[in-house]
Amino acid sequence: MAPRVPRFLDMTWQEVAALPAGTVAVLPLGAVEQHGPHLPVSTDLVTASETAAAAVETVTASGEASVVLLEALAYTKSDEHAGFPGTVWLSWDTLMRVLVDVGRSLAASGIERLVLVNGHGGNSALGQVANRELRRRFGLRTFFAHVSTPRDQGGAPASGGEHGLGVHGGHGETSLMLHLRPELVHMELAERRVPEGLLAYEQIGFGKPVSFGWLSSDFGADGHVGDPTTATAEAGKEMFEHAVEQLARTLVEAARFTTPVDGAAGLVARDRT
Amino acid sequence: MAPRVPRFLDMTWQEVAALPAGTVAVLPLGAVEQHGPHLPVSTDLVTASETAAAAVETVTASGEASVVLLEALAYTKSDEHAGFPGTVWLSWDTLMRVLVDVGRSLAASGIERLVLVNGHGGNSALGQVANRELRRRFGLRTFFAHVSTPRDQGGAPASGGEHGLGVHGGHGETSLMLHLRPELVHMELAERRVPEGLLAYEQIGFGKPVSFGWLSSDFGADGHVGDPTTATAEAGKEMFEHAVEQLARTLVEAARFTTPVDGAAGLVARDRT
Amino acid sequence: MAPRVPRFLDMTWQEVAALPAGTVAVLPLGAVEQHGPHLPVSTDLVTASETAAAAVETVTASGEASVVLLEALAYTKSDEHAGFPGTVWLSWDTLMRVLVDVGRSLAASGIERLVLVNGHGGNSALGQVANRELRRRFGLRTFFAHVSTPRDQGGAPASGGEHGLGVHGGHGETSLMLHLRPELVHMELAERRVPEGLLAYEQIGFGKPVSFGWLSSDFGADGHVGDPTTATAEAGKEMFEHAVEQLARTLVEAARFTTPVDGAAGLVARDRT
Amino acid sequence: MAPRVPRFLDMTWQEVAALPAGTVAVLPLGAVEQHGPHLPVSTDLVTASETAAAAVETVTASGEASVVLLEALAYTKSDEHAGFPGTVWLSWDTLMRVLVDVGRSLAASGIERLVLVNGHGGNSALGQVANRELRRRFGLRTFFAHVSTPRDQGGAPASGGEHGLGVHGGHGETSLMLHLRPELVHMELAERRVPEGLLAYEQIGFGKPVSFGWLSSDFGADGHVGDPTTATAEAGKEMFEHAVEQLARTLVEAARFTTPVDGAAGLVARDRT
Amino acid sequence: MAPRVPRFLDMTWQEVAALPAGTVAVLPLGAVEQHGPHLPVSTDLVTASETAAAAVETVTASGEASVVLLEALAYTKSDEHAGFPGTVWLSWDTLMRVLVDVGRSLAASGIERLVLVNGHGGNSALGQVANRELRRRFGLRTFFAHVSTPRDQGGAPASGGEHGLGVHGGHGETSLMLHLRPELVHMELAERRVPEGLLAYEQIGFGKPVSFGWLSSDFGADGHVGDPTTATAEAGKEMFEHAVEQLARTLVEAARFTTPVDGAAGLVARDRT
Amino acid sequence: MAPRVPRFLDMTWQEVAALPAGTVAVLPLGAVEQHGPHLPVSTDLVTASETAAAAVETVTASGEASVVLLEALAYTKSDEHAGFPGTVWLSWDTLMRVLVDVGRSLAASGIERLVLVNGHGGNSALGQVANRELRRRFGLRTFFAHVSTPRDQGGAPASGGEHGLGVHGGHGETSLMLHLRPELVHMELAERRVPEGLLAYEQIGFGKPVSFGWLSSDFGADGHVGDPTTATAEAGKEMFEHAVEQLARTLVEAARFTTPVDGAAGLVARDRT
């Protein structure tokens, strides 16, 4: 009986070699970084890994596509939280090199399609850069999916009371963790930290046309930005199930995704470096 | 009489040193890359430079903020167009190093606020990475603005007939160039190249929740993706004036932008590397 | 009640900040690489993570030292297995950068002592380099421990029948996995692959005075080097318990380890770069 | 009617692809750096760009060779002026990477001959390194030309009163700018800053057999090294016309330049990396 | 008459090209670093170069193999002695790049076998990394030999009185230098510096299962670690002759060393990068 | 009695620390590269090392300055000879890192003045870059001297019959080697290889205003460029003695060289990175 969640790491090399053509590899991107006084530093790793595993299980059960789950990258680009104890961050340069090495290895393993499942907003931009780099250099079909689209990348506000400013450790992430790891959430330490001053700007801000370079220390000494006090396990369960459902759809689409010029032909004009 | 567009490059070093505290430096990011058979390879450099110059002039005239225009970066990250003659591209690594060196230099020149004005969608992700890097390492307040928000970053469709798929050399860019550099546009060579097959995906696509790593060669041999045949100078003029107006507002906001913890205090927790 | 295995990732940033001075952080180094037809690609990650967790639990229970377990690095330097499907490897350069970034982050988190627990022989040399780099640059007291000392680094032969040549996927690793993850071991595919020709050399060889640069493809198409056919779960259990006991002792020693010139004084002569 | 100055940036990618074999691409290297109290930070960019454009126009008009003008690199290696406001400098590493990326792109565009036209003495050495790197790696025929040969590279003294020590912002550059951009020159702030102490050395010095590593801050707080007070627009006009004439000759020579072993045969022994 | 020690540097390029297939190139790795008050900073360069030259001479005289001696790398990775005057050290990154460039060049010169002869313990780990890198990327058969196996890498204690702790400038190295360069040894300044406190640890220490990251400044202000006071020229002579004899044997073995899959076939699975 | 040639490598670290303030360190830059069929690959290393040693001896004997000789860098930037057996070359990147690491180490050793003595024309440009980098970053007074000024850097033609084209392995270098290492010169293989076609260019060429990127393979299969057939030991002796005399003067000047703003004050404006 095949496992419910087919894991790359559980396979022998010959099992990897025997994966069906077009199998979609799924790589969660977590983070180990401060999430305020109420959430563990693993928050983004937990949400990315759990969402990815559940979606891979869903798709495998449905038989709609061949998918395989990779071990998450735990340590990623958390430079906006540098200086807070508990943040273990890779520079942009280091993380790009990791992603390139992983992409090269997967391509050499016969993998042709890769979905990055990102739990940490701070990885989004670099992940997009990697997306293209792996396509160009190794011919991989690459996709970048968010556990939940962050507010500063066009996602919906997580909670009305946050005015769309709950970008880190707020209502959304806290709810998700109350659902996934309740024993690690310290609701008694949760406090509202919503930078309402940002509402004064029309052009610049989270989810607005112009982004700005921010550090969590720009917002206060606690480290989170948002309102965790309204979080509930129920809201988290709903978010999680929605995220899994969306990601499962994404994986199925990724398995059949194509462009007008496909495969080798599409790569003719490439300047491989 | 002060020039209408205060240019950093026209100043002596002592004039740079004497810029008012809080002056906003504006750095256009262009590109030199194929834009289909009908547009010059300078398209993104032209749109970014012209928009930035006009917005700097507007703000200077209004007296609402002190702004200064930097010379554009002409050559940037056009790896998605690698292999097409005429594309002169920097790798992600090279462009990041350029942006870091420029940011370091500006901070050493007393500049505290920097707005990147981006004309090339392929720079957006790396520009976001730089945004944060310059904030963390040099204390700069950084902002990343698009000439026009690209479709794959949440912008509105440029034209109904493109179904939101006109991401490169389509209705929008062609119209802008018909307004700004009509003598360089070859409308007689403009053809519709809209990858309508992408409409079959719900999750994955330009402006959809999940992005994908693409090369222009994935879409055809011509290089553009969109429908330039509907472009007009009038539409371009309207887009340009809107972009200038938006950017001028952004510059004024950037001059007064602040966060709950401001200045040096906000930088206490930083791990400068 | 404190958890049996204190995990860095389960903590909030303030809990990390509150760890007792002198706490020993434990970072397992795994690998994702081919291990022959009979073992999963995760073998080294499993053995390193399990050994580290059990030793941290032992020491915590004994109260002899304050220790905290970090999430393992799953993907490391498996360049000797490059080209086999299933091997996901980082270059020497990438892995060093990861280790430097992690070390910098831990030092900034107040951690002063770090034990690397290595499950993959191919990491040993670079790990030693990192050992010193983190000491010099960040002042960390660093230690490098093997799950089981590999033969090519002075360890005892894992099994008489292997003549000391069972360096990858042989009796030792297969036994450990039969104990730790029996469901992932395919003993029916295990075959003896002992390169007895190496016995002809006195100076050069695994565990001999002169090492040689090898790739697993130098030894055959299967990928393993050793004799897994003699492996048993019982032998694996004994090895594992021995490894845990040794590592627990190491952690206690690491907590009190000192040199003639200690702390800041010892760092006077450093050239921090 | 073809434009007087054929510009790479004005072309479509297909026009670039259609350039005649052997076309000489011309890349001006400027700088954005302090030039004393009397000259704008753009001085080297202005002189390089204007000279290159005029020479390209001359050659195009004469029909002696096919040439095409690239957009200048505005920001280059001005590390000797680091620390002065207004200096925006790239490290040696960054500039080399830019030149390599540009060279790779041009070669991929079908360009076979490249002339760097350098306006900033601080680029000369690295430009020579790039010259060879682009020849070896991409097969480009490369040439490095100075707007005016700097004194520390064997050029003639710009003015008798400077004793050959007017290397930055002195008589020569100031005269050129009085001709090219009189409105940006502040002659009322020009002061003589000639380091006559250097005349005491026979071996070491500008234009002497042994060069020395210098920063502009080694010579004073104003930033320039030379005597701008003698500068005139007339002298600048003469210098400029001479520079254009020389560069035009260079471009014609570059178009027909060959070595005993030409083209592909000459590249047989290469170790491409 | 052929020279007694065939030196690569004495040859013309055509002589290098004419070396017999299978010739073993020998590259000594020295160091320039503090060695306490009694030894010159060249100690490791002297011991590595002299041992290598004598072994090459021995093998050449015997006719057992074709060997050729390369000029030593004088400056290597002495970061553990950074901050002491007289230490000239390369970072891990720099030294690896040097070794890669040298390996690439040798492979391009037709060399297929390379033995690194290391005189400095601080190079051992990185040398092992290079060993594999050169095998994988350039197909070189690589070997890493120590002048005398250092204690922290499994070698025998150099002297009973040092308790195995004489890792730098102690009995062994001082004796070797009394034999090889007596005029450079200052025995009147030699003092015993044995960190006996390390004997309190079972797991951690020089030559013990767990290594630690150390700097020489961790052990005292003098810089050496060991007991040079017992050193004699006689002991040095014996050590030297033993080292030469061992290395000569190694070179002969290296010339005929093979693995089950040899040559090109063994390289099939490589992922050349 | 002090040695005739004070060598850094012969000293203990405390002797290095005790060098007089203002001591000039001398670092020869050699090369290991093809020099045609008649000269050994060590040619540039021999000429640089011998010249430097003799000049250091001269100055020491005269007592005019305190100087100290460093071990040469044998392997440097010989990329123009890549692909010829016997050429062992470092990339520009690697050599710069070596020079930076060496400069940092020397500055940390208390050295304030450094003269690079270059035997290989291919190092000249990068050496100039290093000159400035070491001044800026470490405050070193740096100087770059040629054994004999190469023709393409303004030196006089080595021999009339070469028309100034004897840039590699011609009359000059062959004569020097006939003087310094006659046993390694194969005059019977020396042939005239003068690329007289270059005389057709006015602007471009060795020692002309415009340099070009060349590889030795551009000039023929033998590797040298010049006419060694006219070389004599007498001419070599004269050249050598002249070079030693010139370098000795340079060292004396370097010991007292200063600029208007000296020492720490001159470094005020630096942006140390």
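Per-chain numbering from 1; labels A, B, C, D, E and F assigned in written order.
Convention: a residue touches a chain if its C-beta (ideal position, glycine included) is under 8 Å from a C-beta of that chain, and two chains touch if they have at least 3 such contacts.
What you see is a predicted model, and the numbers here were worked out from it, not measured in a lab.
Peer 1: If I compare contact pairs by residue number, which of C-E, B-D or A-B overlaps with E-F on over half of them?
Peer 2: The pair repeating the interface of E-F is B-D.
Peer 1: Which chain lies the greatest distance away from chain B when centres are computed from Cα atoms alone?
Peer 2: Of all the other chains, the one whose centre lies farthest from chain B is E.
Peer 1: When the contacting C-beta pairs are counted for A-C and for C-E, which pair yields the higher total?
Peer 2: C-E
Peer 1: Centre to centre, by mean C-alpha position, how many angstrom separate chain A and chain D?
Peer 2: Their C-alpha centroids are separated by 47 Å.
Peer 1: Need the CA-centroid distance for the pair chain B / chain E, whole Å please.
Peer 2: It comes to 54 Å between the two C-alpha centres.
Peer 1: When the C-alpha atoms of chain D and chain F are each averaged to a single point, how far apart are the two points in Å?
Peer 2: 26
Peer 1: Two or more other chains touching the same residue: where does that happen in chain B?
Peer 2: 82-84, 91, 93, 105, 108, 271, 273
Peer 1: Considering the complex alone, what residue numbers of chain D touch chain B?
Peer 2: Residues 8-17, 32, 34-42, 45, 70-75, 82-91, 93-94, 97-98, 101-102, 105-106, 108-110, 184, 186, 189, 223 of chain D touch chain B in their complex.
Peer 1: Using the touch rule from the top, collect the residues of chain B that touch chain A in their complex.
Peer 2: The touching residues are 79-80, 82-84, 91-93, 96, 115, 122, 124-136, 140-146, 149, 153-154, 195, 197-198, 201-204, 209-221, 246, 249-250, 253-254, 257-262, 266-271, 273.
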